[in-house]
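You will see two complexes here that share chain A, one where it goes with chain B and one where it goes with chain C.
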Partner chain A sequence: MSFTITPVPGQERYERIAREGEAAVRRWRKPPIAPYLFILPAIALLVFWIYRPLIETFQLSFYHWNLLPTAPKQPAGLSNYTALFHDRELGKAVINTILYIAAFLVCSVILPLVIALMSRRVSGRARTIYQALVFVPFLVTPVATSAVWRWLFDPYDGVIVVVLRKGFGIDIGSVFRSDHGALIAIIIIVGWQMLGFGVLVMTAGMAGISPDYAEAASVDGASNSTILRRITVPLLSPTILFLALMTILLSAQWTYPMIDVLTQGGPDNATTNIYYLLYEIAFNNFDAGMAGAAGTVFFLVFGAIAVLLVKLSDKLAFYDN
Partner chain B sequence: MSRIEIVGLTQQFKDHRAVDNIDLTIEDGDFVVLLGPSGCGKTTLLRMIAGLLDPTSGQILIDGQDVTHLPAKKRNLAMVFQSYALYPHLSVEKNLAFPLNVLKVSKEEKRERVLGAARALGLESLLHRKPRELSGGQRQRVAVGRALVREPSAYLMDEPLSNLDAKLRTNTRQELSELHDRLSATFVYVTHDQVEAMTMATKIVILNGGRIEQIGTPEQVYDAPASIFVAGFVGSPPMNLLEGSLSTRDGHVQATALGSTSRLWPGTCPEHKVTIGFRAEHLRLEEAETGAVRIDGVIHQIENLGGEQVAYIKVGDHTVVAKCGREVTLERGERFTAGVRAANVHLFDQATGRRMEWVEEPAPALADAL
Partner chain C sequence: MSFTITEPHHKPVVQAESDEIVSGIVARQEDTRNNAAAVRTQHSFGSRFSGHVVLAIVALVSIFPVYWLYATALRRPEDATRSTPFPWPISFENFTHVWHQIPIGGMLYHTFVMALCVSVCQLLVAIFAAYGFALWDFPGKSILFLLFLGAWLVPFQVTMIPNYVTIAHWQLLGTVAGVVIPNMCSAFAVMLMRQHMQAFPKELVEAAHMDGRNRWGILWKVVLPNMRPALAALGIMLFIEAWNNYLWPTLILSKKPDSLIQIGVRSFLGEAGDDWGAMMAAAGLACIPIFLIYIFLQRYIVDAFVRSGLR
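Entry: the complex of A and B
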């Protein structure tokens, strides 16, 4: 008599792996092609429409060129960059851009947070209608928006001007002709348009938070304001950060059409921003080289900000399961 | 530690009455399990006790104080959610400390209580982890820990074990029972799992369609189910239920079911439509000739549970379930004869679905009703 030990199923295979190593036992498999083919069209479009112009912009920044196909490109070294940094208008454009970003952070992050929180108190169909009303301005094209607002701000018979004059005795006059007035008007118009987008994203973010957390906190004795401060807002932080990121990176683009239609950057550069400046350098002054330099600098600065914010949002992100 | 009284509590959703006029008293120190299938209103009832849902009508009293319209935060209850609801952005330590922060407890006491709860649940090494870095079992412990750090009037638990695997569930069941013994606190526990109810409860409340079917100890619920619903819900496999009738012959009450008639006990009773019930483990081979209810059928299917086996017996169009030890050899397709002793036969009134008890001297009112 003797003992036998129950073998492990597939024991021979394990013994062979121990002897010859995992690689020798596993069969070599051909890498699949199909997944790469699926993403090929997207990659091709991205390379052709985004990366190629990006590289060309970078190349242009080292030449003098007036955009005429017949005109030769002359090497310029770093002179486009030095000229850009000595440009008086750049300072104004950067300050305005920062002002716009600060104002839009209120319109597309803070106000949407407040509105989304308040709209939770509305229920059923009323809430849908309410949210739709807030969202609709976002769907109107910027040029049409500008036209309507210019009409509202008309110095003689614009509704806003008339109401302020007759109702409150305030005469704002020709808004788009005064420095501060024009800047504030553009902030209001773009802010009004972006608000709906912010509310939409914020509402979606809130819908993704399980109501269990707030309920658990309320059973634990927390008041509504504590729940908001310690639970809801921290859990919304990825959404808040996303909106902040979008606002910082895109507000210069959002304001561009309004500036173009309403003020052309004026009066005296009071409403210009970096992208409008970029446009003017390229297509009013026909200085492709300097525009390329400006584009490269803006790209690098916004790229750095984006990397920073994405890292921050990774840190703040949580996984709700 | 508290006594919870529920009086005529109702929750009416649009066209659906989730909880229908429930009266229930939960004594101080009870471990009450609200048991029932999904949609029976058990979670709705718990949420109303917690203050997360406003009742349509009725009253909730905690230690005599009417809390019906008191918000959740003022009821001093602790609740463990099915999803655990651990705050995902806070570490285990901060999750445990959350209820104490709200109470504005001193720093030293907070630390002491958090550590105490962590020690009791074996969470000391996990205090700095975030919920996403925990396994299901660890999360469940943190959720219980968060309830423990306070000294609430009662602990409410909404299916806290349903996300755990079978083995962990068995262990956690024992731990929760021990916890209840140690704290001697009031527990209200919602589950659809009868094993959890049978093993932990001091009192089981079986709900069906928003109403209470039976309130009793696990023994009462299993040994004397108050209705056909309870008989069919509690027990695995569920009780065999056969439609039949009662009649009297030669001074004996007899039951007819599945085409055969059997003698129950001496006495007389008028003809009555009944449902005859008996548990699978009470259907015994050795009672084949002597049992009050006898089964003669063919084995249709056999389930081997390791320690015992369950046989599904076809008797005509009906299937009867029998449970017996592995030492008995059963074969599919073979004849199967067995019987149930009269003491193990349950009778239910078919019209109302309620249990019928045989009393030696029937009260005149009951006799008239039959």
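Entry: the complex of A and C
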């Protein structure tokens, strides 16, 4: 029996319609200006409010200017940069920024990993409730966060201070007045806010891992800890690296409201970080040039770190597919 | 099937499909939950119990400060410094005191309007840009998209001074418009929206095009009606972020303590001294709208924030 296809009457017409349809689709896919018009508002806003000021910040770093529209901008050469690197507060701010990032990596990566692993042992509904509760701090408005923690740490009646004093005989006194106390308090507060976000992202990442791998390994006789080390954590590496990147890039910004309300960087610059320092240079000292220099340097350093981490994640990350 | 767990309502097939895409992560979570149910027998009582203990402690630590905020606010003013676990007798005197002391109703209203303007603008701009990015190929696309990715790397503090100068030049210092205008585009919302639109079935768009709809009509009549859950989730999230935004509003409105809730409550914190009851009442009022949204729309919020983490 032969399988040759005999032309059916009318098929030509169908083919023609199909061709025209395809042509219409092709026209649709390659439009002249439509996509540009749709993207235009976003691009325009982005360029005007992010990339233009980025360039202006860079330009400002070569001038002396006190932010007053009437005052002239004096060319400054590189003196803003030398002033920045000789600034007494810069060293402290950089050290604190690194301390903050290290501490927040624990709160937003390591603890969420442990908690997400633990929550696999708990069944559905209970787990949903725990996660809903853990996420609440992330939603609290910054001023409210500062207010309630100032109250919790109040040296006379704050419940944390009272419990530590009566229950454990430890007197932490006035936390925001002592150097280490204030730094640790800020870390606790922001860490408390970030934990829920980390747990949520980590749980979602974990849910994306097919349980087949663990099952197969377990059939092959792998122990639970081996499965964790060799399968779960490597497959989670994109999520882990994402959270780490996010923490490094954003932690200086997350701490800003707490520093501003609770300590203003003090006592004696104990809690300041680079972005709070930048804010102070710009809006307390009205030194736009030096703030521009600081902004340029911080942008370049963090940009380099981000690019490095993304490269690293491409190299290290294991993907499911 | 996971779909029936997350969306138990009857829906047209198309809607159901896109809904399923949208609730993908939640659904995946449900899936593994079901898988976990099959494996759960392996978890001994002891390991489940320790899991509950650890999670309960973490949840308690997370929720306690928020509980204490409202507990203190609900005590009688003379009881404010007591540390009994439950506020009793309950009194709303702190709230009425704050209400009369500072114009907090007006602040809540202003903040609401500001957050609504910001989130609606960001959503609209993101919808258009994502539509352009997701449905067509065009020259320069990857470079333009890189601009959005790169925006994520520019810290707010770096752009803050020139933007402040611009707003001052336009004489918008001290106005809510000065807070809204620089925040009308969120690069992050564009990227999230693009993800959603890319998941939208192209066949539907092409069919609508052959039916003679133009691009504008397709966006409003075909694409968006099928993306309602995603739009709601993103919109809520942008609203919360706008509400909780701190640095920029405090810069623009620093001399107007009656304007937005962040600034009003901050200056009230400075004045109130040791009146903890009143301070907690003011702080509690500042986050009530967000908590109400969270209580009623929790599924959307968690979904949106998780997605934000899985770009």
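Everything that follows uses one rule, which is that the second predicted complex is superposed on the first by the 285 of 321 C-alpha atoms of A that agree within 3 Å, B and C clash if a C-alpha of one lies under 4 Å from a C-alpha of the other, contacts with A are read in each partner's own complex, and residues count from 1 in each chain.
FYI, a contact is a pair of C-beta atoms (placed from the backbone, for glycine too) under 8 Å apart; a residue touches a chain by one contact, two chains touch by 3 or more.
Just so you know, these numbers come straight off a predicted model, no measurement behind them.
In this superposed model built on chain A, chain B and chain C occupy separate space and fit side by side. In the superposition on chain A, contact is made by A:36 with chain C only, not with chain B.
Once chain A of one complex is fitted onto chain A of the other, the partner contacts of A:156 are limited to chain C, with no touch recorded for chain B. When the shared chain is aligned, chain B and chain C each come close enough to touch A:215. In the superposition on chain A, A:45 contacts chain C only, with no contact to chain B. More residues of chain A lie in contact with C than with the other chain of the pair chain B and chain C. Of the two partner chains placed by the overlay, only chain C lies in contact with A:306; chain B stays clear of it. In the superposed model, A:234 lies in contact with chain B only, and not with chain C. In the overlay built on the shared chain, the residue A:223 is in contact with chain B alone; chain C does not reach it.
After superposing the two complexes on chain A, the shortest C-alpha to C-alpha distance between chain B and chain C comes to 5 Å.
Applying the stated touch rule to the two superposed structures, the overlap between the chain B and chain C interfaces on chain A comprises residues 215.
Those residues of chain A that touch chain B in the complex are listed here as 210, 212-213, 215-223, 226, 230-231, 234-235, 237, 318-321. The touching residues of chain C, when paired with chain A in their complex, are 25, 28-29, 31-33, 35-37, 39-40, 43, 47-48, 50-52, 54-56, 58-59, 61-63, 65-66, 68-69, 72, 81, 83, 125-126, 128-129, 131-133, 135-138, 141, 144, 147-148, 151-166, 168-169, 182-185, 187, 190, 206, 209-210, 215, 240, 243-244, 246-247, 250-251, 261-262, 265-266, 269, 276, 279-280, 282-284, 286-287, 290-291, 294, 298, 302, 305-306, 309-311. Within the complex formed with chain C, the chain A residues making contact are 21, 24-25, 28-31, 34-39, 41-43, 45-47, 49-54, 56-57, 60, 67, 69, 115, 118-124, 126-127, 129-152, 154, 156-157, 159, 162-163, 192, 195-197, 199-201, 203-209, 211, 215, 239, 242-243, 246, 249, 252-253, 256-257, 260-261, 275, 278-279, 282-283, 288, 291-292, 295-296, 298-299, 302-303, 306. On the chain B side of its complex with chain A, the touching residues are 50-52, 71-79, 81, 83, 85, 87-89, 98-99, 101-103, 130, 132, 146, 150, 156.
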